[in-house]
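Note that subunit A is present in both complexes that follow, paired respectively with subunit B and with subunit C.
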Partner chain A sequence: MKIRSSKAKWIAVCFVLPALIIYTVFQIIPLIGAFYFSLSDWNGLAGSPITFVGLDNFKRIFEDAGFILSLKNMAKMVILSVLFHTPIALLMAVAIQGKTKGAKFFKAVYFVPTVFPLTAVGLLWYFIFMPNGSLNTILTNIGLEKLAVPWLVENATAMNTIIFVNIWAGVGYYMVILLAGLTTISTDVYEAAAIDGATPVKRFFYITVPLLKPIIKMCILMDIIGSVKVFDLVFVMTEGGPNGLTNLPTTLMYQEAFKYDHYGVGSAIGIIILLICLAGTILSEVVTSKKEES
Partner chain B sequence: MKKRWKRILAVALACTTIAGLAAGCGSNEKESDKIKIRLLTRMAGTSPQVQIYKDILDEFQEKHPEVEIVDDSQGDDGSFNNILKTDMSSGTMANIFRIQGVANLEKYIDEGYLLDFSPYLEEDAEWGGGFTEGSLNYYKVPGKDGIYGIPCESGLIGVYYNERIFKECGIDKFPETWTEFLDAIDKINAKDYTPIAMGAKTSYMAGHLHDLIFYRWMGTEAAKLLGNRELKWTDSDVVQTLEFVKELNDRHAFTDGVVGLSDDIVKADFQNGKAAMMITGPWNITSFKNPDECPEAENIQLAKFPYFEEKPEFKNEDMQVISPYMVNGKLEGKELELTLELVKMLTNKEAAERFANETSQLIPRTDIEVDETKVDPLFTKNVELCAESTGVAVDVFDFDPLASMQDRTRNSIVSMFTGTSAEDAAKEIQAEVDKGE
Partner chain C sequence: MKKNKITPLSVLKYLFLILMAAMFIMPLLFTLLSSVKDNREIFSNPFGLPEVFRFDNYVTAWQDANMSQYFLNSILISLATIVLLALFCSMAAFIISRFEFKASKWVMVFFLIGMMVPMHTILVPVAYIIGMFNLKNNLVVLVLLYVAFNIPFSVMVLANFMKGISKSLEEAAIIDGASYFRIYWNVALPLTVPAISTISIFNFLGAWNNVLFPLLFINDQKLKPISLGLLNFNGERGSQYGPLMAAIAITVFIPLVIYLLFQEKVEGGLAAGAVKE
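Entry: the complex of A and B
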């Protein structure tokens, strides 16, 4: 739509301006600042010199085994979250949609973890998974003491346990989004398919999934960005430990900038996280678009 | 008409946003003529120590109604650290605050963020002359003139032990030497108690254990040598100190899954008589002696960490906690005068006696009279043991100029509980030093 009168143009500008100013002040300027700091060395003290070091911070990060491990952890977190969040949420949404008995109750129950702050969720699960926590106590009491391991400590289980909690905490959120999407699909389509003899499974794969594709796409996108940004859960459950085993780039960024006074390195990690988010977004867009075309 | 309203609404929205942002960026100094004194300490919560601290702030406020006190103190380490770092990077330091460590203070001094207390300590002999020499010396930064912290808390980091469990295990006296200590651990294990309450998820606990071993094996001066790079973490003696920590773990001195447990959980084990020993400082005395919180209150005793038979010269090289109040070096005039007055009120003889007699917190002063009928015997014992110290230091990394050494050393020590060798842990720590250099 073209705005012809200059008066209308000014009104439009005035409406857009508040959002634009807020976005610029709180998003664009800090982003430029982070980029600037990522190329500099600064000890975090106001008044002390900021030295330009080029790409040294990035070089240092990629030479650091701790950062490479955190990248692997993040990749694992993103892949497993995407693989489990949306499919489980979709199945749950389909199961409780419409006139299913107790739908409202289950909707509330599944959504509850999303309402809790992630820090509270982290603490809750920490008490379950800690070496003398409820899970190990139950396993020991039922004679499965061999399965009782320090879940948040062992190489094989620590990161997977955190990913499990992340999936548990987020699945309700995606379920509600998909549930809203399901309401937009007309019941006529299902009825017509039923008359044609389509089984519930076929109806799910040939009606529900294709018609929900834009929403599923959005869920995956949000999941990728959300998983890359996970911080609080790790911070509460393990603080990135033991010895960096469960660190993510986000927790490393916090440690470098706020604990070790390496603001340049911390900012460089921030920029890398941003680039990963962008790459993930573009990749998911390309993959889903290609599928649509085919 | 509709269009007109639309226009007004659009302009109003834009103006409000711009005004809001401008107000956010501006200063609100003119709002009040009061002098603002902001404190950022660790004195937060509901403990008796915090209550006295707050009482003193109230007394000061009453005396100086022209002052507005803003107490941003945080009990949680992470929250405290976040505010401190934000203050530093924005140049809005609190009037009174604290920074952990000594060697890393140099950059703050260079930027003028730390006040040198020496002239004020000399000027007010009654206040300044009362502090123990060692505690003030601790805040003399290598290469800089002056004293940059006023000690507000001190005390021995020692071994609090459950006498009942020891007797039940056939140990009549707390072990004085390392060999006796290992023997005691075996006996305690045999009776199915956890020998040492250790929660390495909060890694300071493992760090403190290593600090104690380090000072007993190499003396407190060696920590300074590590800080100024005359010693390396990979030197055989330093590796040996790490090896001793690993030896304790291999001997099952700690509960299984030690790395996944936090300090509050193992503290509860100790208080409930499940663990025989806990390495900690005087801040826990009140909770150890409170029968409501600690069913084993009557049985808890304090001893120094055992020494190594081959190193008797370091028998009394101790780890002590020393926490400071620091003052913003940029303050001047009336604001500085009032801030110093508040620091004096928080650390003078009267305050020190209140803290000692009512809460077992020791401000390291020589002029305090402790009422032995009021204070806990554990506190008296702590003071007695402190008096035996031939050398005093806090954490080993306190003498290191690299801020990352706190996490690096503690994390590497903790990694030994999950299988890393002492040599590899030492290499990992040394690599951090080399990277920092």
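Entry: the complex of A and C
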């Protein structure tokens, strides 16, 4: 439909305006503000002056061992999540698909944690992993007390434990997306391959995986961006401890800004998180547009 | 294909499925069992059935630990969020998708910018605005933050859906002299209900599950939503494990019910949203 009269134009504007105003005030203006704050120093008190300090905040961050550690933790979180999420999700999806008995049950069980608040998920696992938690009780009961360690307190295990919970809580999400992808592969292809004598394992590697490649790639990129943004799990399970060893840029940003009142530094970390996500998104655009070309 | 023959591979498949299911059920079962036990039993016998079912843990969590208040707050916040989003986003999507004018493409691009903005990036400026206008402990602002963050996804889904609806009905309505508002309300909106219900489920879960915004902007006990209230409970009575587990069960109850009721919708919307991105 074409908009002809100027009155109609005003009506059109009025329809878009509520969403546009809320979105601009609470997302776009703060986004611009974030760049400004990242170049400034502010102590967080309303009315106190904001001083421009240039790139000092960024300099300070990259000289801070705590931030470098949080970046390393983030890299570990991203790499391990990617290594486990999509492959396990793919195996789940392939196993569920078809004439599997109890498919609906299995799908629901794997997916259900993804709809839960991560605070509840984190707390739930916290009670399992805490020093006198149920995991260590079980290990002791079956005579493996040597393996019982304070999972979330020990330096060697704390970060890996959080990453494990992140994998657990997210795998169902990727499974559902891959399942939707699997339904687009025609059964003819599999039947033809079966007649040609291809074993199920061969069919998986030579048909399923190649045909799902675009969706697998997309899952991986979504996983990268998602893992960069993890906050709740760390906040609930360790608060970044012991001694900041499990901090991610997100939790460090929270502490710098809202615990130590270094709002400029916090904002600078926020900008770095944005840039990392942006790089991930651009990467995914490049990959998906390639998919459409081929 | 062969029919239900037991092959080593199918045995392996079910073994994998059952093992994985155990990985997911055990922690949930542990929480559920612990929610009706006392501390001693939780530690001595984490996976056994309780000697007595202590349902009073739920009463403790619901009443003494204020979970009822948090629960109600979250219902209120989440409902307000989805109503505003459904209304404002369908209005915007109606114009963007149904009318031809130069700006519509740019409006859409403008809305899509927000999809890439992580919450952490804008926390400091939002805190500044909230401090400046004294908006701490203001549930309206909290709802508007949720609305703002879910506008990009909602407008995108609704606009894509509305593009697919036949325009003949509207054109007939225009010829009949119906106003734009009537066309939106009586023609476009009823046809968009499937997409609106999809975004509403996601937006509800998003508002229910978020903890970051209330963590920073709500510190009044009476106004806290459930995700934050749960942490509060843990901070105050971290050693009352039974009631705490009951509180976890209460917190995940609504998302669980939503998923069970709208399983197809949740999964379908997820896949569609992901593939579209």
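As a convention for this text, the second predicted complex is superposed on the first by the 251 of 294 C-alpha atoms of A that agree within 3 Å, B and C clash if a C-alpha of one lies under 4 Å from a C-alpha of the other, contacts with A are read in each partner's own complex, and residues count from 1 in each chain.
Assume a contact is a pair of C-beta atoms (placed from the backbone, for glycine too) under 8 Å apart; a residue touches a chain by one contact, two chains touch by 3 or more.
What you are looking at is a predicted structure, and each value in this text was computed from that prediction instead of being measured.
**Student:** Output check: A:Pro18 vs subunit B and subunit C. Expected answer is one of first, second, both, neither. What do you get?
**Tutor:** both
**Student:** Which holds for A:Met92: it touches subunit B only (first), subunit C only (second), both, or neither?
**Tutor:** A:Met92: touches subunit C, not subunit B.
**Student:** So, A:Phe258: does it touch subunit B (first), subunit C (second), both, or neither?
**Tutor:** Touch partners of A:Phe258: subunit B and subunit C.
**Student:** Which of the two partners, first being subunit B and second being subunit C, lies in contact with A:Gly244: first, second, both, or neither?
**Tutor:** After superposing on A, A:Gly244 lies in contact with subunit B but is clear of subunit C.
**Student:** May I ask you to decide whether A:Asn132 touches subunit B, subunit C, both, or neither, giving the answer as first, second, both or neither?
**Tutor:** both
**Student:** Answer with first, second, both or neither: which of subunit B and subunit C does A:Leu123 touch in the superposed model?
**Tutor:** second
**Student:** With the two structures laid over each other on chain A, which partner does A:Ala279 touch: subunit B (first), subunit C (second), both, or neither?
**Tutor:** neither
**Student:** May I ask you to name which of subunit B and subunit C touches more residues of subunit A?
**Tutor:** So, of the two partners, C touches more residues of subunit A.
**Student:** Of the partners subunit B and subunit C, which touch A:Gly44 in the superposed model: first, second, both, neither?
**Tutor:** After superposition on chain A, A:Gly44 lies in contact with both partners, subunit B and subunit C.
**Student:** Touching subunit B and also subunit C: which subunit A residues?
**Tutor:** Overlap of subunit B and subunit C footprints on subunit A: residues 11-12, 15, 18, 22, 25, 44-46, 132, 257-258, 263.
**Student:** Considering the complex alone, what residue numbers of subunit B touch subunit A?
**Tutor:** Within the complex, subunit B touches subunit A at residues 3, 6-7, 10-11, 13-14, 16-18, 21, 81-82, 85, 88-92, 107-108, 110-113, 200-201, 203, 255-262, 265, 402-404, 406-407, 411-412, 414-415, 417-418, 420, 435.
**Student:** Which stretch or stretches of subunit A touch subunit B in the complex?
**Tutor:** 7, 10-12, 14-15, 17-18, 21-22, 25, 43-48, 60, 129-132, 150-155, 238-239, 241-244, 255, 257-263
**Student:** Mind pulling up the subunit A residues that touch subunit C in the complex?
**Tutor:** 1-3, 8-9, 11-12, 15-16, 18-20, 22-23, 25-34, 36-37, 42, 44-46, 88, 91-92, 95-96, 99-102, 105-106, 108-113, 115-120, 123-125, 127-128, 132, 134, 137-138, 168, 173, 176-177, 179-181, 191, 194, 200-201, 215, 218-219, 222, 228-229, 231-232, 235-236, 249-250, 253-254, 257-258, 263, 266-267, 269-271, 273-274, 277-278, 281, 284
**Student:** Flag every residue of subunit C that touches subunit A in the complex, lowest number first.
**Tutor:** 1, 4, 9, 13-14, 16-17, 20-21, 23-25, 27-28, 30-31, 34, 42-44, 46-47, 84, 87-89, 91-92, 94-96, 98-101, 107, 110-111, 113-114, 116-129, 131-132, 134, 144-145, 147-149, 151-152, 155, 167, 170-171, 174, 180-181, 184, 205, 208-212, 216, 226-228, 230-231, 234, 241, 244-245, 248, 251-252, 255-256, 258-260, 263, 266-268, 270-271, 274-275, 277
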